[in-house]
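Once you scroll down, you'll see the structures, which are given as structure tokens.
Both of the next two complexes hold chain A, though its partner changes from chain B to chain C.
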Partner chain A sequence: MSFGYSRRRGGGRLLLRYVLASAVTVIFLFPVYWLFMISFKTADEIYHVPPVWYPSQLQLGSYLVLFRDGDVLAILNSFIVAGVSSLLAMIFGTFCAYSLARFRTGGEHLAMWIISQRMIPPIAIVFPIFLIYVHFGWVDTYFGLILLYTAFNLPYVIWMMRGYIADIPLELEESALVDGCTRWQTLWKVVFPMARSGLMATAVFTFVFAWNDFIFALILTRTEVITFPVQLTHYFGGQSNFWSKIAAMSVLGTLPIFVAVTIMQRYLVRGISLGAVKG
Partner chain B sequence: MADVRIAGLQKYYGAVHALKGIDLHVGEGEFAIFVGPSGCGKSTLLRTIAGLEQLDGGTIAIGGQIVNDMRPRDRNIAMVFQNYALYPYLTVYDNVAFGLRARKVVEPEIKRRVDEAAAMLGIGPLLQRYPRQLSGGQRQRVAIGRAIVRQAQLFLFDEPLSNLDAKLRDEMRGEIKRLHREIATTMIYVTHDQVEAMTLADKIVLLRDGRIEQLGAPLDLFERPATGFVAGFLGSPSINLIPARLVARGNGAAIALATGETLALPPGRTEALAGKAERQVILGIRPQHISRAIGGKMPSGVARVSAKADLIQPTGTRTFVTSHVGGVAVTVELGAHDVGAQGSAVDYAVDLNRSILIDPETDKVL
Partner chain C sequence: MNTRPALAQRISVASDRGFKYLMIAPAILILLLVGIFPLVYSLVVSFQNITMTEVDTSFAGALNYVQLFKDSRLWESLLHTALITMVALPLELVFGFLLAQLFLERFPGRQIFVALLVLPTVISPIVAGATWRLMFDVRFGPIGQILSFFAGEPVNILWTVNPSFVYPAIVVCEVWQWTPFMFLLLLAALSNVDQSQLEAAEIDGASYWRVLRQIVIPAITPVIAVAVLIRGLDLVRIFDIIWALTEGGPGSMTETISLYAYVIGFVQFDTSYTAAVAFLVIVILTAIVTIALRRMEMVR
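Now for the complex of A and B:
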């Protein structure tokens, strides 16, 4: 009898948990839902009081406008700038990290100095950088933004990868060296596979940083390589805000990150904990 | 198969002088064991031979060729590490094949060699598994398999059994000995375990503080140690070291213990010790060379000492008794039923023919 009672009580608790979890999920997902919905609504529906919870039909007009006017090029720019800079930062950063971790390059202090570079508030350096860029003619160029994001992401990559590499047992590399590998082969065949989760997690974070950056892109671009966050600001007008365009652009800008994180979720969780827990 | 010749080897770690002039020859097909306490330099010496550490002086020649500046991969050696060093993202097969692929051996030949090694080590059924699915003993077999397939001219083992439990360690020790007989390659093996050293080695190289303390066949070192350190390191339970004084007695010499007993040295020893009377010595006598005294008359060179059985530790086959002799605790190895109750009086026959005398100042055996 008591068994049945406790079971019923246990079931009630479980139900309560599900209800609470659902409520929290709804609260957190609602802004995302709302963003998507706005992008599919007509202007009339957007400003309707009381609010229209879902559009009468999924009209793609807002998106078509973005494609027709070439606004989506900003997404492409973001892709190029964030992708190339992440790739460069990962390549150079990982080799630097290997050197720091295995050959103790620069002793203990160099690594600390490198990460300290990442702590600088971007706003404190963006204007000096702007002046330098003007001088060299790098403003509003792919090269300019890629160089900046690579430089800005390098300390992070070096710091993270140094931790991941230091956690790889040295014996694995030594065994490979004795077995017939060169240092480079050891990197390819041992270090990279062992640090795969760390590499993936770090790459996602560097990409997301460059993708989301607003302040550098705002000041260092004009018309040619405007990135998605800067493009978004063009829809906030003095007289009115173009909510449908803002929503559609936001959706387009969020999707790649959403997809990347979903695909790499497996690595991301493992990679983050890999660095946190030694073992 | 190749010999290893080391001359005047020096190695520093910053200010620490890790290897202080090592001269050593390991013959073709020989099984040499580097043994010694922690920090004696045995692993450093092995790693320097492998090329994983740079040397700071002297030469290392493998198969007659000086390898000082050669990369590890060019030395044609295989090495088994303490923590197995298996790649967790590769199957057992790929782990064993790793070194062959790095050397661009063709796949059919890789398969042949991996299968052969797997059969030799009994890991055939494990080839498609991953290291995390294996027990410690199986992992160690895989690590050894990876070395075997290389068909290298020299095998290096860096404390390969120290992560295994006692039973597995005994088993793998036998396996390694069998392996050495079957593939007949020169092997150098580092351990801190004197039992491994005694049972496996053709040649023991006993290191202490960056120098070779003594090298030779296991029984040579055991029976004729050059120093008190060597005598104390080899043997279990370890040798008894009793502070004493060398005195003249009649024509010969004797040992005077701190507690007043005098033990006559055998005639053979007295000549060698002529002129050294009245000096402090340390009497070294192994637990196996003290027995229960039976009858009144002692054979030549055997002295009778009376003591009390302070502590009795039976193991089934042998019984270890601790008594106080000459003011220090002495361990005696007796037959299982050779001693009565704890605290009872017992007469020991100390076989001084097998004893050693150590100079307390230089630690050298006289």
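Now for the complex of A and C:
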């Protein structure tokens, strides 16, 4: 092995690399493959001993059951809650990030305080939040969950957008101001267009975090606004699990994420490392 | 949108000073409301004595905090959390590094491999746990089948129930999901190592291990530190995967601190005591973050 600079590379080395790369990829993706295959299997195939490795045909019965019983509403809830909260977090967070990046509002202390908010474990704050939500009647409402996810994602948005905005050359904004743009117009006509890819990437990751959350949704929902991870855990039983439902619901809850992340591949490293690694 | 010019006018008239505070106001308000207010509230509650049966809001002193030290289940849950972190984190780091080495050199199709390998990291942890629960199933899951093939005899392990195998099961799931995270970050870091230094070292005939120890590791240490900090914090609050795999069982054998706090808060409704536990967690995490950040400054 080498550290990136080219050495003698024969065809044998390349072949070995492909073999290793393929083996690793197969190992890592096998569980995902298995999940997808279960969702297409018939009950006979799922409960077959020894396990069958692929379904005889792609039958969609497991999905139809989810649609028939209305379980897919959980997916819809996830879309609403994650979508609206991401939008709000992006709006409030980007403005805050702009102020932090350009005016150094609050200095490094405020920025550090904001990112430290993200490090608080959910279990430590969800309990008092639950008590407050009970008091105001916000448990199991869209408003309650959206407010929580907005707050939960704000530190991330502020932190990431601060970095993206700092990457924009200051001269552009200055000339816009000199040309008579108001502060507000400068934001809309210069800053946001320049930061567009950063905005998109951050929005996608914000959506993914809210979409994937389990613990907040578990505690703050009952029946009305259940999100898909909570719905998923309802299929686990003490004696038997509803395998086809688990698999089909997991696939429905995973596909949007795969699509979003594949589109945002280029920003993935920066997005998941909280901006520390620029990829 | 008719109001926008008027609003813009007003904002532009206001000084930059007003503008910059106006911009951070909504975000800070939400953070105070949902971040700080609950903390203060739970600090108050932790000094009272509220349980499921009675709401006693009189000052109870350090009652709940004394209870912390007598609660063996609490300390066991902290131990479980530390155990999972200590085993999973190094494994993720090592596997991530090896993968990054494999994919460091460019070859046709590399991007596709990387894109595929990333997938486990972005799926919901609860889905990851559910997936492995299906994988590990003793009768219908493929893991037993594969092991039987290699062992040459039927292997029937109740992965999520057998006390000897629950921790390996959790670690396998955790490492499977988060190795790609380490891989991505380390791949980016390794790609940024100064090539001229590496070439110079090769011309001087330095061995692989020497190059690794003296050039590569120092160059990627800041990224390793960030990756370990992010993953370490996630592992300390691990909840979803364990909930999906074992629900803390058998008994409370795999109960982590987050699961325990959930049980006392939302199953036993021991309100004031849960608030005290939550504070203990915050204190522990703050200590870890402070130490970690200080050490990271040292390595920089």
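Heads up, the rule we're going with is that the second predicted complex is superposed on the first by the 255 of 279 C-alpha atoms of A that agree within 3 Å, B and C clash if a C-alpha of one lies under 4 Å from a C-alpha of the other, contacts with A are read in each partner's own complex, and residues count from 1 in each chain.
In this text, a contact is a pair of C-beta atoms (placed from the backbone, for glycine too) under 8 Å apart; a residue touches a chain by one contact, two chains touch by 3 or more.
Computed from a prediction, not measured in an experiment: that's the story for all the values here.
*Asks:* Report clash or fit for the pair chain B and chain C bound to chain A in the combined superposed model.
*Replies:* fit
*Asks:* Using the touch definition from the top, say if A:M194 reaches chain B (first), chain C (second), both or neither.
*Replies:* first
*Asks:* In the superposed arrangement, does A:E174 touch chain B (first), chain C (second), both or neither?
*Replies:* Only chain B is touched by A:E174; chain C is not.
*Asks:* Does the superposition put A:I114 against chain B (first), chain C (second), both, or neither?
*Replies:* Once the two structures are laid over each other on A, A:I114 reaches chain C alone.
*Asks:* Based on the superposed arrangement, let me know which partner A:I38 touches: chain B (first), chain C (second), both, or neither?
*Replies:* second
*Asks:* Output check: A:I129 vs chain B and chain C. Expected answer is one of first, second, both, neither. What do you get?
*Replies:* In the superposed model, A:I129 contacts chain C only, not chain B.
*Asks:* In the overlaid three-chain picture, which partner chain does A:V225 touch, first (chain B) or second (chain C), both, or neither?
*Replies:* A:V225: touches no partner chain.
*Asks:* Any idea whether chain B or chain C touches more of chain A?
*Replies:* Counted on chain A, the partner with more touching residues turns out to be C.
*Asks:* What is the contact status of A:L14 with respect to chain B (first) and chain C (second): first, second, both, or neither?
*Replies:* It touches chain C, and chain B stays clear.
*Asks:* Shortest C-alpha to C-alpha distance from chain B to chain C once the two structures are superposed, in angstrom?
*Replies:* Shortest inter-chain C-alpha distance (chain B to chain C): 8 Å.
*Asks:* Based on the A-chain superposition described above, do chain B and chain C contact any of the same residues on chain A, and if so which?
*Replies:* Residues 182, 185, which sit in both footprints.
*Asks:* Would you mind writing out the residues of chain C in touch with chain A in their complex?
*Replies:* The contact residues of chain C facing chain A are 4, 7-9, 11-12, 16, 19-21, 23-24, 26-28, 30-31, 33-35, 37-39, 41-42, 45, 99, 101-105, 107, 109-110, 113, 115-127, 130-135, 139-142, 145, 176, 179-181, 184-185, 187-191, 193, 195, 198-199, 202, 208, 211-212, 215-216, 222-223, 226-227, 230, 233, 236-237, 239-240, 243-244, 257-258, 261-262, 265-266, 271, 274-275, 278-279, 281-282, 285, 289.
*Asks:* If you look only at chain A, which of its residues touch chain C in the complex?
*Replies:* That would be residues 1-7, 9, 14, 17-18, 20-22, 24-25, 28-32, 34-35, 38, 46-51, 53, 92-93, 95-96, 98-100, 102-103, 105-106, 110, 114, 116-117, 119-125, 127-132, 147-148, 150-152, 154-155, 158, 182-185, 208, 211-212, 214-215, 219, 228-229, 232-233, 236, 241, 243, 246-247, 250, 253-254, 257-258, 261-262, 265, 268-269, 272-274, 276-279 of chain A.
*Asks:* For the complex, which residues does chain B have touching chain A?
*Replies:* These residues of chain B touch chain A: 50-52, 71-73, 75, 77-79, 81-83, 85, 87-89, 98-99, 102-103, 146, 150, 156.
*Asks:* Mind listing the chain A positions that touch chain B in their complex?
*Replies:* Result: residues 169, 171-172, 174-182, 185, 189-190, 193-194, 196 of chain A touch chain B.
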